[in-house]
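Quick one: structure below, then a few questions.
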Amino acid sequence: MPRTSLPDGALQDDALQDGLLAAGTTTLSSQLLKRGLRNVFIAGLGAASPQRVRMAGPAYTLRFVPAREDLAVSGSVARPDNPQRFAVENIPPGHVLVIDAGGRPGCGTLGGILVERLFQRGAAGVVVDGALRDAEELAQAKLPLFSRGFAAPPSYGGLIPVETQGAIDCGGVAVFPGDIVVTDHDGAIVIPEHLAGEVARDALEQERVERFAKQRVARGFPITGLYPLGEAMREAYQQWVARGEQE
Amino acid sequence: MPRTSLPDGALQDDALQDGLLAAGTTTLSSQLLKRGLRNVFIAGLGAASPQRVRMAGPAYTLRFVPAREDLAVSGSVARPDNPQRFAVENIPPGHVLVIDAGGRPGCGTLGGILVERLFQRGAAGVVVDGALRDAEELAQAKLPLFSRGFAAPPSYGGLIPVETQGAIDCGGVAVFPGDIVVTDHDGAIVIPEHLAGEVARDALEQERVERFAKQRVARGFPITGLYPLGEAMREAYQQWVARGEQE
Amino acid sequence: MPRTSLPDGALQDDALQDGLLAAGTTTLSSQLLKRGLRNVFIAGLGAASPQRVRMAGPAYTLRFVPAREDLAVSGSVARPDNPQRFAVENIPPGHVLVIDAGGRPGCGTLGGILVERLFQRGAAGVVVDGALRDAEELAQAKLPLFSRGFAAPPSYGGLIPVETQGAIDCGGVAVFPGDIVVTDHDGAIVIPEHLAGEVARDALEQERVERFAKQRVARGFPITGLYPLGEAMREAYQQWVARGEQE
Amino acid sequence: MPRTSLPDGALQDDALQDGLLAAGTTTLSSQLLKRGLRNVFIAGLGAASPQRVRMAGPAYTLRFVPAREDLAVSGSVARPDNPQRFAVENIPPGHVLVIDAGGRPGCGTLGGILVERLFQRGAAGVVVDGALRDAEELAQAKLPLFSRGFAAPPSYGGLIPVETQGAIDCGGVAVFPGDIVVTDHDGAIVIPEHLAGEVARDALEQERVERFAKQRVARGFPITGLYPLGEAMREAYQQWVARGEQE
Amino acid sequence: MPRTSLPDGALQDDALQDGLLAAGTTTLSSQLLKRGLRNVFIAGLGAASPQRVRMAGPAYTLRFVPAREDLAVSGSVARPDNPQRFAVENIPPGHVLVIDAGGRPGCGTLGGILVERLFQRGAAGVVVDGALRDAEELAQAKLPLFSRGFAAPPSYGGLIPVETQGAIDCGGVAVFPGDIVVTDHDGAIVIPEHLAGEVARDALEQERVERFAKQRVARGFPITGLYPLGEAMREAYQQWVARGEQE
Amino acid sequence: MPRTSLPDGALQDDALQDGLLAAGTTTLSSQLLKRGLRNVFIAGLGAASPQRVRMAGPAYTLRFVPAREDLAVSGSVARPDNPQRFAVENIPPGHVLVIDAGGRPGCGTLGGILVERLFQRGAAGVVVDGALRDAEELAQAKLPLFSRGFAAPPSYGGLIPVETQGAIDCGGVAVFPGDIVVTDHDGAIVIPEHLAGEVARDALEQERVERFAKQRVARGFPITGLYPLGEAMREAYQQWVARGEQE
């Protein structure tokens, strides 16, 4: 994905993005927990494609409310100011489209055509606490898509899009526009924008400590004093780091 | 409730309000169903006080998202631009405060002091798809309060208020500012603003037909042809109306 | 309720009905459990009226499926072969109308007029794993009504009646036509028809043993050996029985 | 599957079946929604085998109720009139066995032997709002199987079969015998029998319009005016059709 | 309740108990939230009797697991080492019996006889994340009983008691033996033992501030600066305190 | 896995383990059902790796309760007496770690390092009614892992470990230390220790009967009289056995 023309707010710092992806959601969530943030993981999502699961980028939000029969009709999606269509045409490159669909399983918030358009526009991916549609096609999508699964009916079968770029509830987690969303095989987490840098930095160090522990455990050591790293083992760890992470 | 100084959008027409209340939520929802609206009833709510259950007024909306520990703190409610506090101080007289709390049962979205303030400001009542607090005090409140029950913790124990007067999801039903909310012992329904007049009118006629059916059933008649009223009984009904609703 | 003209299958034996009501659902369910029946209590129901909670009678069943918009319309209830209307006009006196509504909370399976008609026809009461409508009116109904609460929309707002007198799933409990339904303040249980006699008999004896235990506990005795009644206390119990249940 | 000897009611018209499968559940559900049918998708099902997901055929229904310990025993399945066994031996070729299991996850409604028998008898596939058993074996089954997953216990561990060919509730969707069931990677939808022809026809045209949109979006066009197709682009579309769907 | 012979661990300090009860669960939970404790309220419970809702005392815990048919039988409750019976006979005076029943609604964890025995033994009350039985009798019980409602079957119909005085999960809240449980009309909260004193003290002061706010709001003042109390109003508050809480 | 040095209680008898694995959870649960045990299957679990699904071994239990913010902190896992860490370092070889996590989906009860340590220590596998973390790594784990999916946050993000080797509730099923846990593609079942031998034996015979039925069904026979095996076919079955399971 070209990162030369990112708008304000995107992860312009490639090192930050690389760091977040390298750390991964498990270690990042541990770091957030150390800072008192216990409600940052969106549980119960899955990736539409096993080949596309990792992403990190600022949230661009879209919010739906339940359908009312006189408003949620086929024609409503033709208007450019329809928030769903507006979001797809206005999300900045590098951003993650995060959708509040109230967890509803019965209709697809996006399908193949809109996902293709998101890819064309340089979006980083999609996270929705609801369903997607066109499952077979999306298994081949070129960007990560996290959802609660698939549903054949279109979005207006059960939902009305009402707003972009407001604060939303995505699967029980507050998401504000610009929060950093990171996904991998464990799922999706949300990092307050101002914490992304320090959390990434500390997470990378934590990852290194855990690699040390992992190597020792694989050689038969007990976890006591090793994971989490106790004082008695800290010197051994530092020597291992000095040796280039080798025993 | 004084109705002389209502702002634009309130139910200035006393006859309309009286009609909606006289018809009641069962008949109004039948009329909405005839117009194809199947998702207008907010299921699972109860009234805080058995003495205060009936109200009709335009919706003034407030939306919460789940709490994040760094934002949902005691001090956050001191700011006048806190949307919860803003709503309480800015809801127009005669309006119903309708709150999207995501159905969360673990914290109270409003308590005794804010409800008293709503009363002082002339609000018609409250409908929330979440909990209230100060149950004992609210049982004596002077305005109808519909919720999913009670919870002791304050709102910032689990929620952050993010917006007033946006479209919301209240218990699975879309509510737009200005929609007419009607409550009684059966619960709470939401009527699109532009339909309120015709729905109230037709509901009152339907109520009369059902009083006729009820009287006959109470005298031992079968329901066939009577409820719903068939052609064969229409003349008897009209005579009954002409007699002043007496057999 | 006149019991002189009961059809076959109703609880013609007044003593049996009296015994079931005297034993109550707690003791009856203990007796059913002794016979290996663990799934006979319909959890989560409440009585529409605090004055009308006790009933015992054979089940007459009605089954709904979810609504489809082209079938679930106002006119559908005008036909005498509509199963909901058929059930109301054909339930035999003394029977309990047991309704499978799939636990759906959003529409009322019966309202004031149909309940009045059920009363006129001598029905013993209603048990529904769904909602009723006309809450205020039903609080004054003359027969027990157990449901999951109230909803304003009519049944065809969410359901289609499809069958009477089939086997049904009422709140997770199998109910066959003719099974004996008993309700009281603890809720509703379902007794296989052929067990009703022996279960009532044994429950009455169990009730007496528990009265003995209750009296002793109220005087400060520990429960050990008393509840359940151990061998060492059996003679004291029998003397208490011989004394006319007095210490 | 031989289609020469289909009974009345099966999809005798190969073109219809081909059309339904080519259109797929997403486009078919859009067409049903245009006709006002919002509740036709059974959410939350998955295919037992990734190789077998597409089918279209008339529903043959089977209904279970929750088990009662004295009835739900091993021996009960030996009787030819057991509805589960009756269904397997009597479903006509080309039909889809649609099972109402109340969404219960704890027992398997069918296992390897019955599924093999269904295949032998020419059934088109199975849709159940409950579990199947023999997961490893069913991953190799020769017909599509949609369920909520797998459970080891046999059906009588939690369910009693009570009826074939009645109206059922399958995962919140009404299914009548003869309704047309279509499945693919997005899941399972139910089409009222009399609408199948027109829905298939219009869905195929809609599919073509969407192919046009997809091609353009893949070349970088915005979706506005293209998806859904606006008047301004209709001529371009028709030329594309005339060119044999090529730009 | 006589408080002269309390064992170690009970609320021997009447002032503390009085303070906790005077503060109430809403203010206590605000104070716990200020200390970072967000998960102390057990949502969804109700009082068996409207006359008995207030209590404060140390937790005595009892834990159930789901029934297995060979163990959960009538005879199992006759043994004095049955944990349910042991709990009833061994809970110290002034303690609250807090029961982990996994939220199961289908059987009653305690009934009239055991509750009477708890009263005789001086227990402060009962909190259970499951059901009770003997609803009519318990409405007259002499101690507060909080539960998710009522169910007729006995405990061994669905549960096996396995432990007393271990840490438990009561409705999603951790409860350790000795934690202080407080209930009132808003429900039940759990206070870590070592915080009870300071939380009660600060809650009483918070209550006084809120009485001041309430009086002013009732006279028409806006909430801004008043609730929560801002600096500008602090002097007025202190004068009000000095005047004996009178304007 | 070396089975020469198993501690008391492990499946020292290789034949028993082989028998349980050969029979599989479907047939074992049928055998348990014949003995009246209806609640032995833990529904809704999945295997972390498609390559590692089969195991059989005695349960070693670990129990969590919901987190309280002052106790569930990073440092708490450093103590050797932390029950989670104690379990990992003390589970005997050949045992299955069965975890009660209350079904909570939002945090991982174990991750890659602890699972590696469990492997090193010879554990048979893991069954948890909650989430795991480090999904990508665990897909390559060398022992079977059954869970409700994955969550990035560490266990102390939502849970506190409180006990090892107590009776637990794992997904609605009672598990006592030493109960035999068997898993395969259908999921996980729990066999009371004393029944393991007879259940395995009878299950193997049942498996053979079903192979016979399967062969016949695959050749076009109806299931009637064959599955379950009727008297009329028993001789054919015995001849088939005598022929070495060949037609």
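Labels A, B, C, D, E and F are assigned to the chains in the order they are written; within every chain, residues are numbered from 1.
The criterion applied here is as follows: a residue touches a chain if its C-beta (ideal position, glycine included) is under 8 Å from a C-beta of that chain, and two chains touch if they have at least 3 such contacts.
Just so it is clear, the structure is predicted and the values come from calculations on it, not from any experiment.
Visitor: Looking at where subunit A touches subunit D, is over half of the residue numbers used by both copies, so same, or under half, so different?
Guide: Mostly different residues: under half of the interface numbers shared.
Visitor: Of the pairs E-F and D-F, which shows more C-beta pairs in contact?
Guide: D-F
Visitor: Can you tell me the C-alpha superposition angle of subunit D onto subunit E, nearest 5°?
Guide: Roughly 180 degrees of rotation.
Visitor: Using mean CA coordinates as chain centres, what's the gap between subunit A and subunit C in Å?
Guide: Measuring from centre to centre gives 50 Å for this pair.
Visitor: In whole angstrom, what separates the CA-based centres of subunit A and subunit E?
Guide: 40
Visitor: So, what's the distance in Å between the C-alpha centres of subunit B and subunit A?
Guide: Their C-alpha centroids are separated by 38 Å.
Visitor: Enumerate the residues of subunit D that touch no fewer than two other chains.
Guide: If we look for residues of subunit D contacting two or more partner chains, we find 36, 38, 40, 67, 69.
Visitor: Based on which chains are in contact, what kind of graph results: line, ring, star, complete or other?
Guide: Shape = other; not a path, cycle, star or full graph.
Visitor: With touch defined as at the top, which chains are paired up in contact here?
Guide: Pairs satisfying the touch definition: A-B, A-D, A-F, B-C, B-E, C-D, C-E, D-F, E-F.
Visitor: Under the definition above, what is the set of subunit D residues touching subunit C in their complex?
Guide: Those in contact with subunit C are residues 35-40, 65-71, 102, 160, 162-163, 166-169, 172-175, 192.
Visitor: Spell out the residues on subunit C that touch subunit B in their complex, using ranges where they run on.
Guide: 67, 69, 74-75, 77-78, 80, 85, 88-89, 105-108, 111-114, 116-117, 120, 131, 133-136, 139, 149-154, 156-158
Visitor: Any idea which subunit A residues touch subunit F in the complex?
Guide: 24-26, 28-30, 33-34, 38, 40-41, 43-44, 184-187, 189, 210, 213-214, 217-218, 220, 222-224, 227-228, 230
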